[in-house]
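Quick one: structure below, then a few questions.
Just so it is clear, A, B, C and D label the chains in written order, and each chain counts residues from 1 on its own.
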Amino acid sequence: MTQVIVLNGGSSSGKSGIARCLQAILPEPWLAVGVDTLIELMPSSMQTSDAGIQFAADGEVIVGPEFRKLDTAWMEGVAAMARAGARIIIDDVFLGGAASQQRWQKPLGGLNVLWVGVRCESAVAAGREVARGDRVTGMAVLQADVVHQGVFYDLEVDTTHAESMECARTIAAHVT
Amino acid sequence: MTQVIVLNGGSSSGKSGIARCLQAILPEPWLAVGVDTLIELMPSSMQTSDAGIQFAADGEVIVGPEFRKLDTAWMEGVAAMARAGARIIIDDVFLGGAASQQRWQKPLGGLNVLWVGVRCESAVAAGREVARGDRVTGMAVLQADVVHQGVFYDLEVDTTHAESMECARTIAAHVT
Amino acid sequence: MTQVIVLNGGSSSGKSGIARCLQAILPEPWLAVGVDTLIELMPSSMQTSDAGIQFAADGEVIVGPEFRKLDTAWMEGVAAMARAGARIIIDDVFLGGAASQQRWQKPLGGLNVLWVGVRCESAVAAGREVARGDRVTGMAVLQADVVHQGVFYDLEVDTTHAESMECARTIAAHVT
Amino acid sequence: MTQVIVLNGGSSSGKSGIARCLQAILPEPWLAVGVDTLIELMPSSMQTSDAGIQFAADGEVIVGPEFRKLDTAWMEGVAAMARAGARIIIDDVFLGGAASQQRWQKPLGGLNVLWVGVRCESAVAAGREVARGDRVTGMAVLQADVVHQGVFYDLEVDTTHAESMECARTIAAHVT
């Protein structure tokens, strides 16, 4: 039985929309947690400190040691929720590619995880970044490929030409 | 010289995304106003009264006399902004079709208006309604066709298979 | 008959809360518009340009010519809404003191306006700025006094020791 | 060393503002999690189902078995984050009074917890509920007293006449 679905993709690749569609079509209730959730829970000073997380004007995201420390504890907590019986969709951006996946593998050890790559052509993601209007311009292009480097998946979806709902249906067919 | 762009389409057809892309690619600054803006400015009681605006559980939107009265004054004000020199993108849902367009034509009289229909196949719009997660389910399907009945346009775009940015570029080519 | 209520005060002085309380207790429906509304309607690039509006790290707000031009048209439009019969609460920050008030007096000419000063001790406003968590730190202190310089009021309220609802009741008693 | 701060109080008693002030003044970074966080992570259908969570028009909040199940797993996860080294501020509404506290005591067992009661006179909380404008009217009054029944605290603060920052300073003095 699938306990955790990990959606990894660059900014504006469509992960959150797929997560909401999955929540709507899967028969059981699933919690959808993401890196945005964690950032909202942190002190606002974490976004203006070298030790925290910085969103540069060109779209680069730089993560410091304080952010990393809270992030590690957050991962342990999310895994504990799954062990306690909550089905969880994790929406993340593997800025470190394979190394980021390994950071999740440790806390998720022993859980039944479905690893999903969410791809989107960088030019299309860049346009959607403008259309949504709430992101630093440039993140979509910078992250589009690097987040998938060395990452292994159970399945991949591509939102370039497929709707969120269609991708969610493909993923749902792999949830056991 | 185009002074006002009116984007008319059903809920979740993609009007707001197109408006933000237009703001990004047009050389001059444009204000983007919508029916959502107006609702936010109203007393919250306006959403729980028969005289205001009601969002039924099936997605139907019912507008009462108090809402209508403020809406009429709002239209006059938006037109006055355009006359005072602000370029304006209006994002609206013509629930009354041609009658809704006529309500705008009076205040916009004498202004150079580009009327744009924003279409989206209702099944696709319904999926996007789920993906965005902040709308009453059912609005997209109920509004997809009715908002275009009897309405004339200078041009139409269809977001079913085209990205917001692509639609914005098509519209921008008609802005003089 | 009062047609417009102008609430002027520094950031985090409590204007928006008072506006919502006024909307709740006044017998007729009132629209509440503010400078935040206008900023949301502008292109997001307006917040990253010298010609637009800049929120410096120390809380200073610098307004450029492009922002000013749209702002002037916005004021004309808001006044036109009032002339068309909508009762309007304007929530503003007179960064230029008396000069800012004069900018409103021109479009509001002939309308029945209630000018209200919203004061709050700067140390208290600074604490509320932290508590709300969505503002650049420092704005509250920088704006607390300067926005009232040379401005005339029909009445003043002080949120330092009075609740929003209490201030709203005081103001409502002056609405005719 | 304090690992967890639990803030319990009725709706609109000022818990979130105090949490943000604590995050700003405490020397180490703290995560602030609340019941609102959990609700956002759930499927939106959870808010329209008898088995989920319902916000009645009079302000009553009714929690069903599906909500409860996810809530229990969420509590385990939050406690695991604290055990993994994240300092956590929990902002909660003990609708069941002492029974709600007992539900937290189990997962938080062995952690160093500071239990804080956040009180606010119900008439004042009701006014703030109107001023914030994003809550069902009536919750503040219905919850003001019941959430404290039978609950023990390490300290209590009262926001009726004290600012969020002042309450945060009082609490911070008890954090070891």
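Observations, loosely collected:
Just so it is clear, contacts are C-beta pairs under 8 Å (C-beta built on N, C-alpha and C of every residue); 3 or more make two chains touch, one makes a residue touch a chain.
Bear in mind that the values here come from a model prediction, so they are computed numbers and not experimental data.
Over half of the residue numbers found at the chain A and chain B interface occur in both copies, marking it as a same-residue contact.
Between chain B and chain C, the superposing rotation on Cα atoms measures out at 180°, rounded to the nearest 5. Centroids of chain B and chain C (each the mean of its C-alpha atoms) stand 27 Å apart. Distance from the chain C centre to the chain D centre is 32 Å, each centre being the mean of its Cα atoms. Centre-to-centre, using mean CA coordinates, chain A is 39 Å away from chain C. Counting partner chains per residue, chain C shows two or more touched chains at residues 20, 24, 44, 133. Residues 20, 23-24, 29-33, 37-38, 40-46, 52, 66, 69-70, 72-74, 76-86 of chain A touch chain D in their complex. Listed in rising order, the residues of chain A touching chain B in the complex are 14, 17-18, 20-21, 24, 124, 127-128, 130-133, 163-166.
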